[in-house]
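Note that the chains take the letters A, B, C, D, E and F in the order they are written out, and that residue 1 is the start of every chain.
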Amino acid sequence: MTHGKAPTATRSTLVISAHAGDFVWRAGGAIALAASRGEKVTIVCLSYGERGESAAAWREGKSLEEIKRIRRGEAEQAATALGADIRFLDAGDYPLLATPELTDQLVHHYRDTRPDVVLTHPLADPYNGDHPAAARMALDARVLAQAIGYPAPGDVLGAPPVFFFEPHQPEMCDFTPQVLLDITDVFATKRTAMECLPAQTHLWDYYTGLAGRRGVQLARNAGPNLGLPRTVYAEAYMRPYPQVTGELA
Amino acid sequence: MTHGKAPTATRSTLVISAHAGDFVWRAGGAIALAASRGEKVTIVCLSYGERGESAAAWREGKSLEEIKRIRRGEAEQAATALGADIRFLDAGDYPLLATPELTDQLVHHYRDTRPDVVLTHPLADPYNGDHPAAARMALDARVLAQAIGYPAPGDVLGAPPVFFFEPHQPEMCDFTPQVLLDITDVFATKRTAMECLPAQTHLWDYYTGLAGRRGVQLARNAGPNLGLPRTVYAEAYMRPYPQVTGELA
Amino acid sequence: MTHGKAPTATRSTLVISAHAGDFVWRAGGAIALAASRGEKVTIVCLSYGERGESAAAWREGKSLEEIKRIRRGEAEQAATALGADIRFLDAGDYPLLATPELTDQLVHHYRDTRPDVVLTHPLADPYNGDHPAAARMALDARVLAQAIGYPAPGDVLGAPPVFFFEPHQPEMCDFTPQVLLDITDVFATKRTAMECLPAQTHLWDYYTGLAGRRGVQLARNAGPNLGLPRTVYAEAYMRPYPQVTGELA
Amino acid sequence: MTHGKAPTATRSTLVISAHAGDFVWRAGGAIALAASRGEKVTIVCLSYGERGESAAAWREGKSLEEIKRIRRGEAEQAATALGADIRFLDAGDYPLLATPELTDQLVHHYRDTRPDVVLTHPLADPYNGDHPAAARMALDARVLAQAIGYPAPGDVLGAPPVFFFEPHQPEMCDFTPQVLLDITDVFATKRTAMECLPAQTHLWDYYTGLAGRRGVQLARNAGPNLGLPRTVYAEAYMRPYPQVTGELA
Amino acid sequence: MTHGKAPTATRSTLVISAHAGDFVWRAGGAIALAASRGEKVTIVCLSYGERGESAAAWREGKSLEEIKRIRRGEAEQAATALGADIRFLDAGDYPLLATPELTDQLVHHYRDTRPDVVLTHPLADPYNGDHPAAARMALDARVLAQAIGYPAPGDVLGAPPVFFFEPHQPEMCDFTPQVLLDITDVFATKRTAMECLPAQTHLWDYYTGLAGRRGVQLARNAGPNLGLPRTVYAEAYMRPYPQVTGELA
Amino acid sequence: MTHGKAPTATRSTLVISAHAGDFVWRAGGAIALAASRGEKVTIVCLSYGERGESAAAWREGKSLEEIKRIRRGEAEQAATALGADIRFLDAGDYPLLATPELTDQLVHHYRDTRPDVVLTHPLADPYNGDHPAAARMALDARVLAQAIGYPAPGDVLGAPPVFFFEPHQPEMCDFTPQVLLDITDVFATKRTAMECLPAQTHLWDYYTGLAGRRGVQLARNAGPNLGLPRTVYAEAYMRPYPQVTGELA
């Protein structure tokens, strides 16, 4: 039995991100890889990160609206570079509050995009409460979208696998890499997307270095016949649900 | 970059089993599946389970040597049915002791079979200390076999992925299914192999039922476009090391 | 000192269930057992499971009100079969929201039924957020009901033991069986109650099988002098609070 | 179905203690309680605690043999006070090494005493490696004693429940009280037994205080109709295996 | 590089307490110690504990307002004895609800007191849901107070270390002592503060005893050259964030 | 009461390292820092890492003895650069076996060096079994060295704090940074020591980068008044035992 994935051209990935920017640093490689295979990727940003992740802009005296506008523009550019669509829910940050209304909006996006794969934050982060709030709603909405009785348009969802992307301080967030994704072939694209976010230039190199370190671990964990190039770039993920497969590998 | 698996015909799977029999109930599907793809599978039985898993034979008054001979014969038949080679180390059971000498023997088997995939028991089992002892040695030997300085013949090993198979009481053994393997296509073969073990006929139905329940979970966790048949059979596994992949799915 | 349980005839059990139906599959044996000893059992259903657990009815095009009415009727029948009273709070499902108002309603039911034993869901379930929400409120209300200063009618509560019943996928819900309850003597009654829920006929056999498997574990964990019958049926539970006893056994 | 415990007069409890003394401080109440019901209790001391728990004697310049003799005498007195038999394996302490030979000796004691209940140390203690070593062997031997194929005299064992007694620093040893045993009725006996150990007089009051504090928790966790006296004494235990019961309470 | 603590005279400690009273029993030593060094300590009481922790007063028939007034007066006296300021938010208890509005109030207190050290409850307590609610808000507000974009007066905060104080039943609350604070020099002051709370006289001795037991552990864990007095008193704390230091000790 | 540390000049640190080299990469900063304060630091290398960590030398066809000699020389040079003494136990690696004899040797080194601080590996490492074996023996020996009855020369030890240094893949080894040590002032010395190990030049930059990343985390977790320089270097540690302190900070 073929483990019946959708044909590449029609596969859909949904990325749920607390703030504009998160999806670039943490899942840019996975997004670019899916897009490079001709798949559809949709990013939903719950907020712009306008209060909690825009310190420089606040110090320059910019207004709230101005900051939101700037961050939205940058995120759109980065999404375009990666080959993905992007939607903004403007739900506010610091704190991003988990509400039934916002969860319901996410259900609609699930029913609309019909994802084969979902990417979001992990459920713990002692340095940033918005990330777990986003993850909580992303998981709840995925379950609700599967129920025929849930009052939202569109067909009920299957049960797409979920991947948590790597937080900034993994050891403090109960994050153990369970999946190492080889992003070598699209790393240049990820770097381009990172460079769309000029306020955090120090992160360009930080996440380039992290991708290299995760690449070294990928090589260390790879099977004996893997013909890897000199430099490998990787992203780390966790799975809250079991992997379904037709072959152990 | 292709995630460089060996060509199917030359792939090798190593199964390290505390007792003769364990590999049938817990990994028979994975073994049959690999064999059905033309891959090589080698089963190493550390003991025959002659003391701890042969209660009926003891009650019938059979001798130790007789029990070992019977269990060896049954295990050979089951391995043949699954399409695998089998080796017996006759290290004794109840208790199976983790020793440097036995670990060294396993290193030789690693270097000899050069596995692309390793299957063994999980590291905890409050009902049977032999299973964790086998797992501990299987993991230690895998690391030693990777070192060029380790004094054993053969080339150094890569880092093949390891899968823990499901223990009899998963909730008591910290076993959370991380991988659900679809074994529907080879389930009849697994059943045939189980029927080579006549002393435990009640387990034939038990493990048929378990495969069906894991199959239901597989379907529940599968992506939306999965065209599954009416009845799905599955086996559950855990990964002690991260999965290496070129695609999130 | 006798470990001063109430006389059997006046003992009271409170079951707090997210959806109509949960109490049958997961705690039907415990309920029937208490009722068979002449004790009082009260089931509080927070919702009917009208959206999340009634897929067949939705596919048949039934209306929300119709579905709620049907599920209420079935749950009443099942409760009667088990020998228990049942109350419905109609708080909505998918999602069932944990609110101060609903928790307050539960406090009133605690003060009113004065339970010696409380049964509810465990605190984690990645496949169904309503179950943890129900459990969270059940535990919070139990603590509030113990405070003389809490504004609800009735005397303050003691500290009745709580038992979490087994979720559908125990390994995914951090559920480790801590108590195996022998329900052999009332299993026929549980089966009758299950058959009051015609929409989920496949679950009749699933939960019969589970009771048998838990029964095998009960026998495996039972003391040496236990004179058990051929077939034993059991239900598994966890305790969030320590057991209080006058004898280790 | 009665949950078939042996008639009280023939019930047997086996206590496996790393050092002479441990069983008094940590399980003296449970031992006295069983003895007071006419049950048989056997204590197996793996060592005398001659090196690690006899600092005062060493400071007084006593010899190793003298210390062992003194501690043996005190332990015998305490066992007598509690109403229990005691056996000494003299396996050495600091470190007490877990060996196949010592485990085998324990199998013989299991087969000989045929316990309905087993008490021992928990599996972790960062302050004293002898305690986990004793626990490890106690658990392994219990499993071996259940196998008909294990070469030791006597009938195979059932699966008696195991209780871990409370270590000196519970929070550092992953010890969560799962069972609170009411020892009020025999507390005077436990105090008498403690006073048989004159080298550690400060522990007499320490463990009296601990029994009082666990008693307060017992009352806090007890059901509403429990008619408890003013002062309650209790001991805390953990269960590595599920409780088997015919009634939730 | 000096690990740049503020000069003692200007250091500030913020204590966030669910109920009036909590800060005395659990952190009175730390508060008195900081005050004795000339540092500023501010206690924020989210509620008076008027419903959940005032059973005696309710039994005497006092009114809600009267109870709140009494508890406020006692807490003020205790704070004065310890040398600290105290503020009351009167947010209600049993349940204390974690709300965005209350979290926002705490942000204002953070910005206002500019703490170098924060003390609060741990995140789990199965016996009292108000404690985790207070802790959750204390941690969330600390993160918000660090963001320049958060709309509250005052400069942004640094990242002061947080210490969880010891709950009443540490083993049930995942509380492992990570820090043992020597409070011997100020223990008389803590005792005086405890005696300002006449409704719970049994706790005076309980917490004196606990301080002595934690003192014994402090001595047991202290380095070899520690010149400790005969009786040592200590309080235990946990750190949710890493310690920052210039020297391992 | 002063928290009675030994005068700086007489303080002693003991570092227990599985292989020559480990102490440089993982604790070089802590060692250099202690030495720079005039304290004594002793490194005990259980093996040279001759089999498991010398792949390049084996590939060049060097003999076992040659490799051991080279690694010993490099480790001596690195220890000298850091200002520490070094001792070699030559117990063999890959596998390094935890034996009573080797643990006994460590007791002698504890009694001899009388450490105020102990540094070693953490207790888990799925990629290298030698590291946990070293840690296990280091902890066991520390406890044995505290017992007056243990037959080894020298006075009994106090209870020096233990710090686990950071493993190569912290997320896979249950390693959560609990202490971030500022090593900025001695980082040049650590770099010099690293450069004494020419076989692993790629690690020079890896551990420079890690020190920088841990430095960023140190700054992020530091209190508000910390006057940190532009670039901070840090090492991360875990504590298996509680910190003993006279001040929360």
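Here, contacts are C-beta pairs under 8 Å (C-beta built on N, C-alpha and C of every residue); 3 or more make two chains touch, one makes a residue touch a chain.
Computed from a predicted structure; not experimentally measured.
Chain B and chain F, compared by their mean Cα positions, are separated by 38 Å. Chain geometry summary: the mean Cα position of chain C and that of chain D are 35 Å apart. Chain contacts: chain F has residues 127, 172, 177, 217, 220, 241-242 touching two or more partner chains. Under the stated contact rule, the graph of chain-to-chain touches falls outside the line, ring, star and complete shapes.
Of all possible chain pairs, those that touch are A-B, A-C, A-E, A-F, B-C, B-D, B-F, C-D, C-E, D-E, D-F, E-F. Per the touch definition, chain D reaches chain F in the complex via residues 50-52, 54-55, 58-59, 64, 67, 94-95, 97, 126-129, 172.
Within the complex, the chain F residues that touch chain D are 100, 103, 139-140, 143-144, 147-151, 240-242.
On the chain D side of its complex with chain C, the touching residues are 1-6, 13, 30, 33-34, 37, 114, 116-117, 119, 157-161, 163, 177-182, 184-185, 217-218, 220-229, 236-237, 239, 241-249. Per the touch definition, chain F reaches chain A in the complex via residues 127, 169-172, 175-177, 206, 209, 217, 220.
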